[in-house]
Amino acid sequence: QGAKTTLVVAAPRTPESLDQEYPPTEAGHEVRRNVNERLLAYAQKKGDDGVLYEDFTTITGALAESYELSPDKTSITFKLRKGVKSYRGNELNADTVMWSFERGWNMKSNFHWYMTQIFKIQDPKAAFTKIDDYTVKVTIPNPSPLLDRIWINSDLGILDATEVKKHLTSDDPWAGRWLSTNTASFGPYQITKYAPGQEVVYEANTNYWRGPAKLTKVILREMPTSANRVAALQAGSVDVAEYLLPRELALLEKMPGVTVHKVFGNYIHRVELNNAKPPFDNVKVRQAMNYLVPREEILKSVYFNTARFTKSPISEIYPAFTDEYFFFKNDPAKAKALLAEAGMPEGFKTQLAYRTGDQIEEEIAVILKSAFAKAGVEVELLKMPASTLVERYTKGEVPMYFFRDMAIVPDAAYVANLWLNSASAINYSKFKSEEVDQKINAGLTSTDEAQRVADMKRVQQLTMESAPWVFLMNPGYQLATRSNVKGYSWYTPNGNAFYDMYKD
Amino acid sequence: MAHFLRYLRRHPAAVVGLALLLVQIIAIIFAPWLTSYSPVEADPLSSLQPPSAEHWFGTDVSGMDIYARVIYATRINLLISIVAVAFAFIVGVPIGLFIGFYRGWLSSLVMRLFDFIQSFPVFVLGMALVSVMGQEIWNVAIVLAVLFIPMFARVIRAEVLSLRERPFVGAARCSGATDFSIMFRHILPNALTPAIVQISISVGLAILLTAGLSFVGAGVRMPTPEWGLMVSTGAQQMILGVWWVALFPGMAIVIAVLSFALIGDMAKDLSDPTTRDR
Amino acid sequence: MRAPGGMPLLSVEDLTVDFGEGTAKVLSDVSFELRRDEVLGIVGETGAGKSVLARALIDLLPEGGRIVGGDLRLDGASILDMDAAERRQMRGGRIALIGTNAKALLDPVETVGAQIARVLRAHKPCSRKEAWAAAVDLLAQVGIVNPERRARAYPHQLSGGMAQRVVIAMAMVANPEVVLADDATLGLDATIQVQVLDLLVKRCRDLGAGVVLITHDLGIIAHYCDRVAIMKDGRIVELDEVGHFLEAPKDGYSRTLLDAAKVRPTPRTGEAADETGEHAPCLLEIGRLVKTFPISGTTEVVRAIDDVSFSVRKGETLALVGESGSGKTTVGQCLVRLLESDSGGIAFDGTDITNMPAHQFRPLRRRIQMVFQEPYVALNPRWPVRALIGEPLQLDPALDRGARARRARELLDLVHLPARLADSYPHELTAGEQKRVGIARALATGPDFVVFDEPTTALDIRVRAQIIDLVRDLQAEIGMSALFITHDLNSVRSLAHNVAVMRHGKIVEYGETEAIFARPAQDYTRMLLAAELPIEQGAAQRERAETLRLAGTA
Amino acid sequence: MNAARAGLSRFWNPIPRPLRIVAARLAMLVPQMFGVMMVTFLLVRLLPGDPALLLLGNMATPETIAAFRERLGLDLPVWDQFLRYVWNAAHGDLGVSIFTSNPVVTDLMERAPATLELIGYAMILTILVGVTLAVISVVREGGAVDIGSRVYGLAAGAIPDFWIGLLLIYFFFYTLGWAPAPFGRIDTFVSPPPTVTGFYTIDSIIAGDPAAFFSSAGRLVLPVATLAIVNAGALMKMTKTVFSDVYRSDFIRHARASGLPERVIRRAALRNSLPPIITLVGFLVGFLLGAAVLVETIFAWGGLGQYAVQSVVNSDYPALQGFVLVAAAFILTVYTIVDILYELADPRIRV
């Protein structure tokens, strides 16, 4: 019964919340991608590997049929598509969009962050205007090269305002509570069952503007242990297994009936160092650490060649990326020399923290511990719950910690701004370089593309030289499916877009 | 000594227990001589190798030699368990003795407190406590000790409650024994048998709990050689057919706990003059 | 009623039992016959094999025990040839066993009525209801008042005597042909013991069943049995009619046994008169002592000692007698301050010790000591004899370690214990030896006053006599005062100057030993005295023996 | 004082014994629960890790963090937080899980049946195996079962449940392929039966859905076996001690001497061993709940145990607090029931 139109997915965890204003997580991004339709999208192109990718050079309309940027890039006008209906049959119009903006602004979370931090909007009244029933305009104080791209982000979906408004209460004027466990938007799917920690059921939106999805039902089961997901896929109990370990993927690849899709995406996995405190305030020490990493071995034994060395702080698939400044080899002698220059020929004691339950980090940590020991750097491994880890590195209390992140906007300045700008809240490594800051700030407002690219190359060069992190791997994104599952596609937030998939 | 030898001749199980304990003691003392591998040295290129002449028990995901880790882990596991139990014994026994011997509001209060502690699922409480205090070896030991103190106190108290009504206590008092002497010289030796049995049960339980805590990631940290942690790293592989990573440390746990169970039985019999010649 | 003579009801031929290859024979070549309507007594010291014999008869030897020779015939048919089902039917159905300590023989979580009914239904096909009715009926017959209600009681709600009746009812319910009573009345009060035995023997006689009465008490033999078998070391050394045995035991061992039981030494009043005359100073004075115990779960209390006053002079021995539960032990324990009395006063040698703080009283303990009722439980099982005896010596600060060791050796000598026992633990001693250790402990500090709490109960006839001799000798040697608590009126006569009779916590009669024995003033005292079975055949029994002989069946 | 007691007992004593037992026990439950709440509260509050930071993650500004903390009540003094907690808990509100955004009560209720089904069957199997082995090995002392069970008894107490679970998975899933893949309570392609009891096996029978029944029963086999293998040994050993004491006691010997059939004797002996066995079984339930934490993790069971582990990993205060509280309440309830049964089973106990 409908086995061909039903997809069962084994996921490490169910989304924490269905609200797009909830802090971004991988599971959350997947929901947003499948449920919340946005105004704009990238055009799609098929890669050599048969995977559908986003074409970062071409932005097309989604809910907005078309859009118009002012030449100085200070305003964008969306022409909404007519006749677009939500899962519940409510039609899209300018009011819907305006209410979504209003909610986003007032929730003071993700939407608010983009608008204030990237666009520097101060006054929402002036920024968001309804031109007519199908036209909406956003005006920003300064020019921004990202003015169009941002609207592709999965946290900026347009909500089915008519439906959401039914669930407003006086103490919850923006339906924060209702939307954390329910969905209402114009995307290809709607979540009809949300049992956190157990399962999530997606059902196709028959009114979807691109036509209803081929998979009419997607069941996402939580299976925290990756080996269980492997076993389930192997046994044919699920069609798709997300976030498997490279070792398991290597095993599955050899198995009949299973296909492993591999993408070199935007993840960067590194060990961040606290650049503000000794010993890592010394660039020589930081470089020494980078010389001690046995990258080849980690690539082989942990990543099974599914990853690539991190050769730049910018994701390798993003425009302006360059690997020409990467010069670190596994060279303990050089590392020792650097440590000696830094006045620590005997090495030192330090700590490396990783998240509870993260198998890869634990494996790398064990390898690094041995590797660092070669230059007398004695590392104590600290495993801690994610919350503790975040708290401690936010306060600068851990000297070294694993950090795996991706920036979903494919723009080097945006990425660099997040991680390397000394003003950024998530520059947890406290890296500070006047020149880098200045180049990033210029890149965020300049509209001269060539200059931006040149600036970003310089930023990459400076970063590699000052080694604020221990550069490890770009792990890519992989998905294992039964072989009859086709149509795999990849988007910057990773996760899966079920709309593109089908079964034969 | 004569009792002991005679006892061993009649109870082969006790001999097995002692032999297993001896194996562990050898592992503790001679670990560096028993293997040339380091228990914490990762060798990423030889990860997950099946048992072979080179790696007797195979290697784990980080390429560490499982045999070396199993041997070295004896130190950690036994250390944690014995320290925890010793602490619990030293604290719990006098508490049990006092709350059994003197009955008053303080005794009732202490008992209620123990009731509380014991009405939590031991494992979950342990998990929570270790998370609170941080994953240090000593913290694991302290948490276990805290969990075990009520057990010892209770066992002793139950014995004391019945012993203090026994006529020999009255007889001792008539012979001029003081409260202290009655408690420690008359009652304690008689109450000790169950506490001694409890020691071995507790050491076993401590090994199991430490392993369980590490298994769910609430025990000692990587790459400390600890059996539960090792089983935990092997757990993932087991489903995929890699059996050796979890098998050997698990067997080590079984051997350790078993030896203490057997020795506990022996201690029980030997500590009681009415049974030691049986 | 009586079956015609000829084939014996039960015959035992050369029965030999041991506990596994190479172990000593516990029974060797035991032979006897039991006729219908006959009561056969078996006596012998502890470990003689009496219980093993009884268990062999119902084919229930303790684990490891096995019959290695001889035969058992019930009505001519060999028990050993029966199959399992027949044996089960035979047990309880044809041969019933009544054991010691009835309370322990009853299932604690089942009503007694149901337990009796259960036995009946195991042997006779009948409905649950009929069985219950039969059980209630039988309870009435064994003299239980209000049987319907009692049938619904659980064993713990019954007194020892009542429990014993229930066990008798259980034994009788299937109308067995042979009843084996193994020390069935041990531990019961003398008064109750007589009632129970009367009842048992009467029931059996009514039914014409044969009875084997195993006991330590020659009084019981004399009073109830037709014939008696004397056992020693697994053999029957003598088997004779009771009358003949009492007059002239043939075997040497039988004779010592009978002599020991008959010990009735001359009263002591005369010889001790000079020291204990009216003018001798009072050592201990008890005035209006009261001690209550709360009954748990209720607001009521037991008045274990209810306004008791008496005094003991220097050198005097006062016997405290009375039925079980009358408060004797409680009095003793109040004197040595193991129990705090509720009101009243205790003065020792002129000092009031009633409310003296424990640390002040402690030095006085050298002078007041107690010998405990149960020897084994009053000795710390983890201590060797040497340490046990040495413990009270620590009360004497003048003694150093060496002196204490010397004194401990002397004490062993004093109570006639071999020196090699010094390193033994209590469980390695016999009951008599344990008693001696207890006495040695009490005497260690050379006390002025000793409470002896039932020093002779639960002992063999011979051992009992030895202990009484020991106490007597010691008193003569050391000349202390004593409170002698006992059930055993025999020993009272041989030890005490004065007697106090206790009942329900009160002293109902007090006076010189001879006077009380000769002219008891109270009914209660008379009853106590009557319950003691003298070791001579009662008139009725003698008559019966005569008739039997005339009938030619003996 | 005495008068009060007398007055009390006038009302107390005429109440039928079973009711008295139940009432006395239930009255004790209230202060115990209060104590338990205090301990859970303090314990969990001491956990390190700031959930606000973790949750708001990369994009949080100090103001949003503050607002978030306020919403969770994390900024109040501890004492206030506790009073709020007790008040809310008394009204069935254990807070909202930070990670599932669901009320903790809802989360727990959803997961409880999974765990209860698991430990329920495990308990039944444990009792059956443990008591049967104990009885047989006492009745046929020295027989094959006796010797086998002695070895088992020693080994069982020494085997870590998580390890045995893994071995079972290796043999029955990986090597032999007999068992279903070790995750969840029911095959992903089989839809769970409509909830009546929450026990899939029972619900599927009620719904008349054989596919669901066999799927859920099949998945129960390994985890239940794991728990039973580990725990039956302990129960067996203790039952054996109790039962053999009773079986060799005087009244059983007397029953045999009275010619009662062995069947009746065994039943009487078992009935007499019942009070201590009941206590043991009660302890075992508590123990199983702890063991379930490990076994559920291995079998991805999706019950309370897994929820607990994840709440520790995620510093999910309300969830962890809720779990520990519910677990303690559950165990207290079990102990209470055990005490009641114990007192009912043994007429000697006065109440």
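Order of writing sets the labels: A, B, C and D. Residues in every chain begin at 1.
Everything below uses one rule, namely that contacts are C-beta pairs under 8 Å (C-beta built on N, C-alpha and C of every residue); 3 or more make two chains touch, one makes a residue touch a chain.
Worth saying up front: this structure is predicted, and the values here are computed from it rather than measured.
Between B-D and A-B, more C-beta contact pairs join the chains of B-D. Located most centrally within the structure is D, per distance between chain CA means and the overall CA mean. Centre to centre, using the average C-alpha position, subunit B and subunit D are separated by 23 Å.
Put simply, the C-alpha centre of subunit A and that of subunit B have 46 angstrom between them. Between subunit C and subunit D, the centres computed from C-alpha atoms are 51 Å apart.
Centres computed as Cα averages put subunit A at a distance of 41 Å from subunit D.
Under the contact definition stated at the top, the residues of subunit A that touch 2 or more other chains are 225, 228, 231, 356-357, 385.
Each of the following residues of subunit D touches two or more other chains: 48, 173, 181-182, 297, 312-313.
Under the contact rule stated at the top, the pairs of chains that touch are A-B, A-D, B-C, B-D, C-D. Of all the residues in subunit D, the ones that touch subunit C in their complex are 2, 5-6, 9, 249-251, 253-261, 264, 268, 271-272, 274, 345-348, 350-351.
Of all residues in subunit B, those touching subunit C in their complex are 166-168, 170-178, 186, 189-190, 273-274. The residues of subunit B lying in touch with subunit D in their complex are 13, 112, 115-117, 119-125, 127-129, 131-132, 134, 201, 204, 208, 211-212, 215-218, 228, 231-232, 234-235, 238-241, 243, 246-247, 250, 253-258, 261-262. Contacts from subunit C toward subunit D in the complex involve residues 58, 60, 88-93, 96-97, 99, 101, 104-110, 118-119, 122-123, 154, 156, 167, 170-171, 174, 296-299. Subunit D makes touch with subunit A in their complex at residues 48-51, 53-61, 63-64, 67, 97-102, 107, 110-111, 173, 180-184, 187-189, 297, 300, 302, 306-307, 310, 312-315.
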